[in-house]
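Residue numbering begins at 1 within each chain, and the chains themselves are lettered A, B and C in the order written.
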Amino acid sequence: MSWRTELSRAAALAWKDLTAERRTKANFNSVVFLAGMILLLFGFAFGPDANALRAAAAGVLWLTVLFSGVLAFNRSYQLELDGGALEQLLLYPGSRKTIFLGKLAANLAFVLLVEAILVPLAAVLYDLPLAKPFPGLAGVLLLGTFGFVTLGTFYAAMASRVRAREVLLPLLLFPMLVPVVVASVEATSAILAGDPMGDAGAWLRLLVVFDAIFFTASLLAFEHVIDE
Amino acid sequence: MNEMDDLTSSRFSDMPLRQSRWVGILGWAAFLAMVGAQAVGFALSRPERDMGHLQKILYVHVPVAWAMMIAYFMVFVASILYLMRRKERYDLFAAASAEVGVVLTALTLVLGSIWARPTWGVWWTWDPRLTTSAILLVIFAGYLALRSYTEDADRRARWSAAVGILGFLNVIIVYQSVRWWRSIHQVQSSPSTVDPSYALSLRLNAIAVLLVLAYLVARRYHAARLERVAESRMEVAALGEGGAHV
Amino acid sequence: MARQTGPVSTTLGARDGGIAAVAVSDIARRFGRRWALRGVSLHVEPGTIAALVGHNGSGKTTLLRIIATTLRPTRGSGSVFGHDLVRDANRVRDLVAVLGHTPGLYGDLTARENLEFALRMSGRAPTRRDIDAALDRVGLAADANELVRTFSAGMQRRLALARVILRGARLILLDEPYAAFDADGIALVNGFLAEHKAAGGAAIVATHDPVRAAPVVDRFWAIDHGRVTPTEPALLLAAAAGRDPAAAFAATGAIVAGHADPKRAVL
């Protein structure tokens, strides 16, 4: 199949996942409420001193994204497992990489939408500046989320199909996320502090490199993982 | 019936039920080398000026950390070979290496902590090598967990190969990112920068630990193949004579 | 008619001189320690319909999944229209459509959206006319814009059948195609199979119920404990007669009368 056909297949898959999500909203709503709850809990853990909260904000924000976003990945494959849809999906001719790209796009849209609610909420709860650092913050959120969702989509393809999926996905995924988390948290806290040392750019470039490595490796390994 | 005979003879007859003599010899060699290396370490090398006898932990700690990396590298290579050639033996070898790697990682962390407490005053520090070892332990514990949860042999082999490859690639990236994040570790200790008597102990220990690694991997690999032989015997029993006559 | 909209009627048949639609030899498949298939060989020629008759757990579904390339055999090999099941899996997928024993539909999409998705995923642009025709054929025209979640089991099976019809595949694999269907649905399946056969396509029907399949099937294979043996329909029907003599009698009548007659499909 030509790459244009493959691209339209990936788009069809992403559209299908997002349409199903849009119709039920069950998953999105619960993930958003869970994320809000985690932000409050971290507030109790670090607060109520406003300075302590602000100092911890970057780390808290990314851990909240991780803990809530991880729930989206298994659900994305659960759609395929209910009623044997995965079997049909694997019957279509064409590259397996396309399935990965479609799932990745849908999960990326999902987690970015959660963040669109989560970040302003964190700004209110933790008294963070949002307007001034917005471009940098949007950049790090995009790059960090891309790395997170790439690995999440890859590992959930396996974890969602074994008995202990709720435990296995974080166990496989979180240690792999260390580089992405370190770079994202450092960049975020630098940007929120107004980037006094001028090192946010270096962390962002590093994130681009991590994303490229993990994306390539996951894309290549995916076909060995998705087949029955 | 012919097919079944072919199957059992061609694929499994080269699989020795009894372990090769060399594995036993390897085991004894590993044991003697380990004892000898410690004897040399305690008898010949002087207590270090600052650390005293504590120094001797490093003779084992450092080689064990090397051996751990070698074990994970073997997982990486065997996993790539499995995905390329789809031969079961690569999968079994990767699994055996990962099991030994996890044990060696745990040993590295424990020895490092015992050494760090009197030397640096803390059990744990956010040093790149220490942190990377801890993450490695989790990654490959996850690898083994995935294997134990996956029942179909073919699927287990493919999935764990993918996880093994990505996990190993991640080691380098974790190490670099933690190093940039924070580094307070002393410069790497290598045999050339220390007193000759220390170097001898370190080298002897390195040889001993490598022998232990080879012995343990060989044993685990053999055990995994024995399980396969048992399964193939059951296969013959299940398929029976003439099982393929249609 | 939906059939004319796909490539089915125009391209099937004549062009594969002597190539079997399905040829598998000595296929075995293990799940953990259980052997689902223990050395299966069979051939299906273009323009014929084969039935695999066996109980639950006899290996029917496993064999269909291997032929559909979604499962690799533990050992043995096979091909579909000359394309190897493992090496040319992608070519095989182009030629095969499956009616699985689970419908494989998305409950939060409408019937029409499910079919559009299936066409897009097989690399074709969905046209409204094709989809309407397929929905009409399976009797779901009025429910085209309803969420599949609200469908009964029988309606979901009909929609899955519409998807198979739309694919226009040369080989069709059907796993328990008569389950959840009323008499009308059974006639629908058999009518479609008869047309598919007449156009030179091939099909394998896996079922525990030879009586339903008898009107369209050319060749019966019994499958039991992962082994397949060619068998005479009369034997299967006699066995079935123990359960439902009237149906067996009707089916035997259908065979004697010429089993390609779709009108006799309603038993």
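Heads up, the rule we're going with is that contacts are C-beta pairs under 8 Å (C-beta built on N, C-alpha and C of every residue); 3 or more make two chains touch, one makes a residue touch a chain.
On a predicted model such as this, the values are computed, not experimentally measured, just so you know.
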Category of the chain touch graph - line, ring, star, complete, other: complete
A-C against B-C, pair bridged by the larger set of C-beta contacts: A-C
Chain occupying the middle, per Cα centroid: A
Averaged-CA centre spacing for the pair chain B and chain A, given as whole angstrom: 32
Length of the line joining the C-alpha centres of chain A and chain C, rounded to whole Å: 40
Inter-chain centre distance, chain B versus chain C - centres from mean C-alpha coordinates, in Å: 49
For chain B, residues contacting two or more additional chains: none
In chain A, residues with contacts to at least two other chains: 227-228
Numbers and ranges of chain C residues touching at least 2 other chains: 72
Complex contacts: residues of chain A adjacent to chain C: 1, 5, 8-9, 12-13, 16, 19-20, 23-24, 79, 82-85, 87-94, 227-228
Complex interface listing, chain A residues touching chain B: 154-155, 158-159, 162-164, 168, 171-172, 174-176, 178-179, 182-183, 186, 206, 210, 213-214, 217-218, 221, 224-225, 227-228
Complex interface listing, chain B residues touching chain C: 3-4, 7, 151-154, 231, 234-235, 238-239, 243-246
For the chain B and chain A complex, residues of the former touching the latter: 83, 135, 138-139, 141-142, 145-146, 149-150, 155, 158-159, 161-163, 165-167, 169-170, 173-174, 176-178, 180-181
Footprint of chain B on chain C - complex, ascending: 26, 28, 30-33, 35, 38-42, 72, 74-75, 227-229
